[in-house]
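Each structure below appears as structure tokens.
Look at the two complexes coming up: chain A is in both, with chain B in one and chain C in the other.
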Partner chain A sequence: MRRSVSIAGLAAALVLGTLGFDAGQKSYVANAQEKMSTIEVKIDNFSFGPVTLTVPAGTTVTWINRDDIPHTVVSTDDSKTFKSKVLDTDEKFSFTFSKAGNYPYFCSIHPKMTGKVIVQ
Partner chain B sequence: MSEKKKDELLNDHNHDGVDRRGFLKCMAWAGTGAFCVMKGGVLNSYGLSRISEISSADMIGELSFVQISDSHMGFSKPANPDVAGTLKAAVEKINGLSATPEFMLHTGDISHLSKPEEFDTVDQILKSAKPKDVFYVPGEHDVLNDDGKQFLERYGKGSKGGGWYSFDKNGVHFVGLVNVMNLKAGGLGTLGHDQLEWLEDDVKHLKHSTPIVVFAHIPLWSVYPEWGWGTDDSAQALAYLRKFGSVTVLNGHIHQTMQKVEGNVTFHTAASTAFPQPAPGKADSPGPMKVPAEQLKSVLGITDVNYIQGKNALAVVDSSLA
Partner chain C sequence: MHPFDIKTVVFAKHAQHVVLIHFPIALFIIGVLFDFLAQWKKQRLLAVAAYYNLLVAAISTIPVVVTGILAWQWELDGQKLKGILLMHLVLGSLSSVLICVVCFIHMRTRRKQEEVLPGYRLPIEVVAVVIVALTGHLGGFLSGVNGPG
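Then we have the complex of A and B:
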């Protein structure tokens, strides 16, 4: 479990600019030290983990598909602020959130899969 | 059907997930497809894997055809590393039928990632099938990245709007619907306003005694909405079909066979030619089912295929493919 090594995980995040999550984690609030870093959302078992992610403006969020089935990451707003191509197993998609706001998104192939990024 | 049955649900799902070798020997879980025969205006559907148990008299009617589904060409994960092989095996089964079906229906997810070469491979394999005509509807895997443009170019000739169409064969009216486009966050399959209007108009002129067969990828009944196994506006579509005495709805998507009778409507879902998925709610997610390594050996033999649980309508233990 990655959370049990959170100090090492955070150190790695600061060095590598990446932070992983448990798939089962429902929500996560990034702290100031992670600002400008890359935060990862894992797609696993037909769900986004964490489902709700809170980050400071300027954060790049990377989604990685750990399922055997392809998924997408598409923002639900009409203008489709962000929209990935289809992600096969282990493929990634990144988006940098420069403006504060709520960004709900879903998998356009399996629309029951939804998540949200809150940018502060 | 004189007696109206409501909410009768027969779940014949197999909790196995035989590996390729076991699969090719027993062809059990996938069922490879369904043989459908219209008899006296009522459609009967039989899993191809148990076709040898069906008497030849039952196989003769006004019209017969085959439904195949969810080929997922391009999928190569452990649940089935050779989806081309299992599709070929399905075609062999079809070609082995005593009477050649008039045509085939493919209820979507032809490809896994909408790649041209995946469609090409399926086209090539299906060319060797005795029934020459194949009618397609798209699955969500066939319309990735391009809103279905490629699918329509390949298979949508003569279709309307987003690919829906109808045709008549031997007095039976067939309707192919598309419910995998423009899906909304948090929602299920969607037919949409334009398609519903077209459907209402399409069936308006038909006699009430005309047998209707509707086929679409995602089930048009609520199999398990929690996993997205249903269609948001299917009730409206079914309302337009209420006046008909015999309505059959054929779907794929859920990679297992299920049947349900509701009033004048009989619903069937077909198995996949590629890999099985869990029964509704029986796993954390609807992902492909794999067999644990220690169970793998037990499913390799021809006659000792062991299913984990449940009544198994597709349990064929001998094989003509071995």
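Then we have the complex of A and C:
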């Protein structure tokens, strides 16, 4: 009985740990040290990481392509607030967010790849 | 985005290039297969089947090339390509030319009402199939067929 409780506890810890790790990958809030500086979004395995990024106004976000495939970073809005050239492996694109708001974006080569920058 | 805007058929979320490309690939490979079978079995009907497959393959390369180039010009602003994208463009163009050349050889033989197709077409067809396969492989890589989701 005691043993099964221990196993259940271990399993629960593993599940919670995995969920916590996954959540950490999907969204990210810049801490005080990173505020007003450059924050990196990694492009890898056909996804942006973190998917959602929350930063203060004035922050420069740099996307770096760590994938073997070329990708782009294009804002979803009609006026195309930001639009990168095609980024090959290890190439970077930076944009400084001066105004508060939500900035959803995607890869124009692979439209299923989406992300969002929330500027506070 | 307006559903009848021509750009909707080119832009990534509704891109037709990745849909249309399957027609020339399938038709050309089957056409070559029929041609080799016709050569081996000495059957005229198989050669006719090969001709029609190759003809439709050649015709279907037109919208594929057009949508591919428009996607490059509109989606990527016609920027100078490099790496896999450049290789895909070069091999894709070469594939289209080779498909049309093979189709032309068959068409010319039929027009001249010659009984025997020239033997040199067979190595051209083999090279063309290899180039088409390479282009398709790169296209699949680019479109994220092997990616998640």
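To be clear about the criterion, the second predicted complex is superposed on the first by the 96 of 120 C-alpha atoms of A that agree within 3 Å, B and C clash if a C-alpha of one lies under 4 Å from a C-alpha of the other, contacts with A are read in each partner's own complex, and residues count from 1 in each chain.
Methods note: a contact is a pair of C-beta atoms (placed from the backbone, for glycine too) under 8 Å apart; a residue touches a chain by one contact, two chains touch by 3 or more.
Remember, it's a predicted structure, so these values are computed and weren't measured experimentally.
Residue contacts after overlaying the shared chain place A:S94 against neither chain B nor chain C. Touch criterion met: A:S47 reaches chain B and chain C at once. Of the two partner chains placed by the overlay, chain B and chain C both lie in contact with A:K85.
Once chain A of one complex is fitted onto chain A of the other, the partner contacts of A:S27 are absent, as it touches neither chain B nor chain C.
In the superposition on chain A, no contact is made by A:T62 with either chain B or chain C. Shared-chain residue A:T76: touches chain B; no touch with chain C.
Touched residues of chain A, counted separately for chain B and chain C, are more numerous for B. When the two complexes are overlaid on their common chain A, residue A:H110 makes contact with chain B and with chain C alike. The contact surfaces that chain B and chain C form on chain A in the two complexes overlap at residues 45-47, 69-70, 72, 85-86, 88-89, 108-112.
Here chain B touches chain A in the complex through residues 77, 79, 112-114, 140-141, 144-145, 183-188, 225-228, 284-288, going by the rule given at the top.
Residues 45-47, 67-70, 72, 76, 85-86, 88-89, 104-106, 108-112, 114 of chain A are the ones that touch chain B when the two sit in their complex. The touching residues of chain C, when paired with chain A in their complex, are 11-13, 75-77, 79, 81-85, 141-144, 147-149. By the touch criterion stated above, chain A contacts chain C in their complex at residues 45-47, 69-70, 72, 85-86, 88-89, 108-113.
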